[in-house]
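My structure is below; once you've seen it, I'll send some questions.
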Amino acid sequence: MKDPAQEVEEVARSIKSMSIRGAAMIAREASRAIGGFSSSWPGSDRQKFMDALRKVALDLHSTRPTAVSLRNGILLTLRGVETEKDVASMKERIAAQSREFRENAEIAREGIAEIGSKRVPKGSTVLTHCNSMAALNTIERAYHDGRVEMVFSTESRPWRQGHITARWLLDKGIPVTMIVDPAVRHFMRDIDVVVVGADTVTANGAVINKIGTSQIALAAHESRVPFMVCAETFKFSKETLLGSLVEIEDRGPTEVASPMRPSDFQGARILNPVFDATPPEYIDAIVTELGIVSPYMATEVIREMFEMDGPVTLEGKRTQFSWL
Amino acid sequence: MKDPAQEVEEVARSIKSMSIRGAAMIAREASRAIGGFSSSWPGSDRQKFMDALRKVALDLHSTRPTAVSLRNGILLTLRGVETEKDVASMKERIAAQSREFRENAEIAREGIAEIGSKRVPKGSTVLTHCNSMAALNTIERAYHDGRVEMVFSTESRPWRQGHITARWLLDKGIPVTMIVDPAVRHFMRDIDVVVVGADTVTANGAVINKIGTSQIALAAHESRVPFMVCAETFKFSKETLLGSLVEIEDRGPTEVASPMRPSDFQGARILNPVFDATPPEYIDAIVTELGIVSPYMATEVIREMFEMDGPVTLEGKRTQFSWL
Amino acid sequence: MKDPAQEVEEVARSIKSMSIRGAAMIAREASRAIGGFSSSWPGSDRQKFMDALRKVALDLHSTRPTAVSLRNGILLTLRGVETEKDVASMKERIAAQSREFRENAEIAREGIAEIGSKRVPKGSTVLTHCNSMAALNTIERAYHDGRVEMVFSTESRPWRQGHITARWLLDKGIPVTMIVDPAVRHFMRDIDVVVVGADTVTANGAVINKIGTSQIALAAHESRVPFMVCAETFKFSKETLLGSLVEIEDRGPTEVASPMRPSDFQGARILNPVFDATPPEYIDAIVTELGIVSPYMATEVIREMFEMDGPVTLEGKRTQFSWL
Amino acid sequence: MKDPAQEVEEVARSIKSMSIRGAAMIAREASRAIGGFSSSWPGSDRQKFMDALRKVALDLHSTRPTAVSLRNGILLTLRGVETEKDVASMKERIAAQSREFRENAEIAREGIAEIGSKRVPKGSTVLTHCNSMAALNTIERAYHDGRVEMVFSTESRPWRQGHITARWLLDKGIPVTMIVDPAVRHFMRDIDVVVVGADTVTANGAVINKIGTSQIALAAHESRVPFMVCAETFKFSKETLLGSLVEIEDRGPTEVASPMRPSDFQGARILNPVFDATPPEYIDAIVTELGIVSPYMATEVIREMFEMDGPVTLEGKRTQFSWL
Amino acid sequence: MKDPAQEVEEVARSIKSMSIRGAAMIAREASRAIGGFSSSWPGSDRQKFMDALRKVALDLHSTRPTAVSLRNGILLTLRGVETEKDVASMKERIAAQSREFRENAEIAREGIAEIGSKRVPKGSTVLTHCNSMAALNTIERAYHDGRVEMVFSTESRPWRQGHITARWLLDKGIPVTMIVDPAVRHFMRDIDVVVVGADTVTANGAVINKIGTSQIALAAHESRVPFMVCAETFKFSKETLLGSLVEIEDRGPTEVASPMRPSDFQGARILNPVFDATPPEYIDAIVTELGIVSPYMATEVIREMFEMDGPVTLEGKRTQFSWL
Amino acid sequence: MKDPAQEVEEVARSIKSMSIRGAAMIAREASRAIGGFSSSWPGSDRQKFMDALRKVALDLHSTRPTAVSLRNGILLTLRGVETEKDVASMKERIAAQSREFRENAEIAREGIAEIGSKRVPKGSTVLTHCNSMAALNTIERAYHDGRVEMVFSTESRPWRQGHITARWLLDKGIPVTMIVDPAVRHFMRDIDVVVVGADTVTANGAVINKIGTSQIALAAHESRVPFMVCAETFKFSKETLLGSLVEIEDRGPTEVASPMRPSDFQGARILNPVFDATPPEYIDAIVTELGIVSPYMATEVIREMFEMDGPVTLEGKRTQFSWL
């Protein structure tokens, strides 16, 4: 029999090395690893188990400390475990919550596609940015329901995920138009709806997503074009409920200087933020697996996700989030 | 003794023929018909009763498939019936829920008038559009509380419900100014508050109401004039929570061409949408019988109306809404 | 031989009785009448001729005192006459200026159509309001150049000039869609360009036009739809240069109450302003016979129209405008 | 032993004479007074006790009838007391609720400072208005976390509370820049975040605060500067849920005319509103002790504060709020 | 006979010591001083006279180097003098231009009042800021024409010129309401038109005026209230045509700290800008003595003021402005 | 001696092959070529010379038919030649106008840099887009005047001219920050002023410039960051005065697909517009060699450039522009 800790370590390593990646995938695998660790835990000392679980949670979380889906996956798997009386019931709860989280995550994208696709008017020209599967599944479903005539795909510099998006759409037989990022406003009046994904949704309704998203939302708003975000509930950040600002990673100069060498720009400062923040006033709807919400309802989604039925004091919230 | 199904059929026919009409009225009558059908149901086979109820629900719903109040009336009357163990308890639940729905609907308008009228500042000039009783009762109450000096009533082409509104106000002794629809922006700086009704409120806070409403809201917003919507909770659409776009009926060319004959415009396309959508950013408050809400809180109203206390999964929502 | 004054009187009567009507027509006929009066003036006393001319100017102007085109027609015909030394040269100048004004007015609309039609993008859906020939000629020319696919025509309550517009377009074989005024915002995202006429353009760039125009401009601006005004230079009001606000006529209750009788609304105030003011920030371009101008350039158009080459003092302006 | 009623009277007198003041302080003292009154109540007749409590509630409330914190303090202390069966359990409930309210109020400001300070970006120049301790504690904490470089303090005419704010900041060693109120927009582009307090938060998300707040919010919005409001939950007004408009006190001419004598302006009308209303669209986040909320979530905060878990009918709300 | 230079020196000293003050007054007195200097110049050496004139111009200008009216007064008095062939014709030109400038300045304010007052709608509530005589004369004339019902006067901190304005209005028998600066937005919906003066108008249409003006313009724009600026043409800055940004003076801490002592705020930075810049998009009209102009027409006013009839090259502009 | 036509042909070929390029350069070389052609024209038949000139004009123009600077260079060189009586005076005029145009063009950029640099506030962070020498010279001069701390340079996909800009700035020793195009809004609040060039300025004030410019202008406007355009007068398009819409070239798929092969996207539509249109409401100032202008003054710049002093009829304009 395997060492329980060893498997967790392997998952952690894979997340860090990006061999497991994608917001949903890393959350599911972390949840599964905790489940496995718990079920194969040999002892019955409640405190020791708690300590071990906490270490596992922290180890997994430290692989991608800014990934809100990972954090939520861990928290939802361990939620309330501290209220159980003995190891047996703790293990039972973890097993159930791990299974529930993974199942929910798996069906979430499908739910989003089902719900979101209905909001694409018939005969639409859709614009998308970067390469969000939640957004693309929604567009694909809308296409198969006869609602989509053309999809505009931005290049999404510096990574050019728009190229992946264009290929994916072409492979599905969906008509695609490729444009560079600066051309978005020029074409905006030809667009019927913008559909993008999200990395994180904050407590006051801002959407953190691939750099350039907020600029597209601004241009959509200027032309009265609906702007729709597809986001599983585990993208909603409970930390922001308690005030945290979302930190935005800078990915270094290489990607920006490319295809030249950064050394060609000796002496230049090169800034490469991976995300930006779209304010809620430019977002018409967020599509989650629980239904359509206004971005201003983000705190209610967080509450629903963590099953906070009644009023929860600050202390109560701190306890509930105490694992990380 | 009457055949239970016969009464339902009669109600359905009356709704279809418009001899029963008005958002609240058709919902109440449908609820009453389901109650009557249920109480006079002779058998005790649970499955047969379920099947019969489902047929009744669909028959009533099909009379006005886009009327959200009708749908909500049926759903609230039948909500949770599928969880009851036998016909007796099903009948008891239906009877209770039918009574409750109709009572609530009856007192809702009064509650709205009481709540909404307080938001009309003393000495106000009020503008209203079309002919919403929820809005008019609110204005009337505000007038009797000494808050209203003048009511502007738009014509509300093509039906000219504004003429009915003007007459109603005059009959109540309330001073009224009549204007044509294109004159709204011209007079907007003289208006202190706009009060209108709603056909449907969507999950992300848009208000579907008589064609022209969104234009008035836009002009009110441009001049910083508060825009208030009076809407019973049964106007909130749960379908939109699951992504549906509200379909807007086109009432054909006759009304638009009037008072000439459409044949005078042989070859012209005539478009006659009955409603338009006002985005939430132009709405200061929605007055419901449960109190004032921001339009962005629409999903919470839907949740409250359907008594979804805690978190409800997509599957849970589908079940709860499975009758229609 | 006819009495010179008699002809003027007849023209004045025809303008008053509306048998001569339309902004361009009344200006041309007034200019022609002054020309005729002048050429048939028998005497050679400079002062007597000046007095007679001033009376003629005032008589013609009093027939439609708020019509800016009429005022401009008279002023441009008489401009600088006070600087001529004797009756002969005064007559010569009046004859020349009358001819020039009428010729210019005749070719202005054609020039506007030529210039304005180029600004309609290929494949456009155009929206127009009321029944402006400058706007319709522009649309017609754009249609014949293959630029127009569909024209939306509002009803334009209370007079329904939109019905005349729809008929005119149909007779030309141009596809037309008829909508009621409150439906404008609902369809705005389908529109590529709005083209309207003007009654008056003010010194600070506002356009006074048929009631409802400003509401359409607001909705166009909200959706980033270009809004273009077609206006001959004689629609630009020099009075507003000296501060005058444009007075907006109220046409009485009958048209608003129609097709019912006003007596059906005994006790109601009925307001029926014929025009409203569209602010320059909602206007992308004004098309004049001298070319495209920004609405903010209105004072330059006035200066150009009155041939004020260099700087003109207030006193200078007063003199130049001293006829009326 | 003291007469129970006597102590309440003393507290009431102190609140009226302003020797007890500050939104939090008066609420806490009123809650404490009710607790004291209750615990020393000698009788056991339920109805008499209810009547006495109601009188106490009204007496305390009448000292500052527009102070929402006072009202909430009283309501939260007495909430649900009417559902208790006998005097003993009523007293127990009141004692518990009084203690809980006061404890919560005491820790609320600290919670707000902890949460809100995290939303101040590193190196920020902060602008504040008037003299809100919730805002100042937040700024102080952010300063100690190395996030604040400079604080702009407006004068806050007519009372000049900005002078108190400037002194308080200087005493804490925090760098401060003093400006007059009309200079806010001039400096807005140098500001990174605006942090203010609140007197009242309404059901549809407006913040009632010191006169001038809405103007600052407007200027912040124009320059895309985040605008953050620090407000304990007891600042949220349940009355506005039922439609009430917040009345804004006018403090008379003396302060406005100062430092001259009002008699110097004999014949002038002098208006001196103490508060104004900032609409939710200009507010990025409200920081409460329960976390960050969008202003549009105000009704949920009210619901949470009053522990309304499930749906609450209008009647239910009236009952719950029936004490005042 | 007096020494020509001595008189100039005296005028310069008086301007510096503020015993001659007010934008119009200092310009007129400087123009008069140059005229006097020129006419009493004894010699006939052209070059010596040029040198002396240049010194006089610089000396006068240096008394208030940021005052655009002073600079324009000097420039308009000396304009083109360098093109004259001998001292006699130079003296003649200076005498004529000095007289013309002073006469124009004297009649300008009256012209502005005549023109501007017509733009105040009947029954208006007017708001003004600070203490501009051009604005107050306009309001006074509008009042006497029966157009003004009430004038709101802001305090205009830090100098409180609003108190002077209130007194002036009361002395004229015009109803006045006094408010503090932060209350402007609160009352904006009661205002029909804002009328203010200007210190400087820039080439791209911004108005530099008393601190707080831009904030009022912003609030007026938000509520669709017309915002009118009264400015003599000599307030238009030709320097900004060539790129200069208007420098905004800081008047030191004393006024801001008042009525306390700045020493009470030891350690605080106190900023006291005297003016701010209102962007042209918030200005509906500028009233000059030459008529109404859009702020966007500012360069044309400058051209008209300097009588630049045709195209003027950069070099030509430099020459024409070469005196200062 | 060379054949006059041959030299023109060579210049035309060089412009077509892009060995002569840059808006200013091609205009200057075309003007020079016409001058050379004219001066070496052997005959004295006026009509033959006219025909030859017209052919030369058309040949040169056809090399880059959408380049407004080329068209203006040709027109300004030939302007009014048709009014000269004989070949000698025609040649003289052409020689003078060719010299004047080239001299003006040469000094224009310097004039723009001098004027524009003054509008950059001290200590500014400047953002620029693409690679405009007029903009870069302005920034360089502002840097040398101690006004610039940092320059943000966008990548400017698809051509990446931003890389050339970054190198140019580094070579001048000016600090530069490189970002990708989608990151503009993310950094906008750190920017003090945006400075860009222009390809074309239209009669109603829109600026046609490198794709992405309008998006940057929109984001600058959202954050109240001044947006300044540097444009020689020969960038102003007289065609747009007569209604022409500026055609925007599509440069084909290769650049967009790069660095992959377009064949990797078989089946995709790839759109690659080289320019977009920035509306005047997002532009604070246009810097020309004649001074600062509001974009709304574009028609006056065109008039000034073509020395149209007084009013010019449509016919007059047509004549004046009749060469092309």
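Read from first to last, the chains carry the letters A, B, C, D, E and F; within each, the first residue is number 1.
Please note the rule applied: contacts are C-beta pairs under 8 Å (C-beta built on N, C-alpha and C of every residue); 3 or more make two chains touch, one makes a residue touch a chain.
Bear in mind the structure is a predicted one, so any value in this text is a computation, not a measurement.
The chains in contact with subunit B as well as with subunit D are A, E. When the contact pairs of B-D are set against those of E-F, A-C or B-E, over half line up by residue number only for E-F.
Over half of the residue numbers at the subunit A-subunit C interface are used by both copies of the sequence.
Subunit A and subunit F have centres, each the mean of its CA atoms, that are 45 Å apart. Taking each chain's centre as the average of its CA atoms, subunit A and subunit E sit 58 Å apart.
Inter-chain centre distance (subunit D to subunit F, centres taken as mean C-alpha positions): 58 Å.
Counting partner chains per residue, subunit A has residues 222, 281, 294, 296-297, 300, 309 touching two or more of them. Shown are all chain pairs that touch, namely A-B, A-C, A-D, A-F, B-C, B-D, B-E, C-E, C-F, D-E, D-F, E-F. The part of subunit B that touches subunit E in the complex is made up of residues 188-189, 222-225. The residues of subunit F lying in touch with subunit E in their complex are 104, 107, 111, 114-119, 121, 281, 284-285, 287, 289-294, 296-297, 300, 303-305, 307, 309.
Interface of subunit E with subunit D (complex): residues 150, 154-158, 163, 166-167, 170, 175-187, 210-212, 214-215, 218-219, 222, 253, 256-257, 259-260, 264-273, 276-277.
Chain contact summary for the complex, subunit F toward subunit C: residues 203-205, 240-245, 279-281, 294, 296-300, 309-314, 317.
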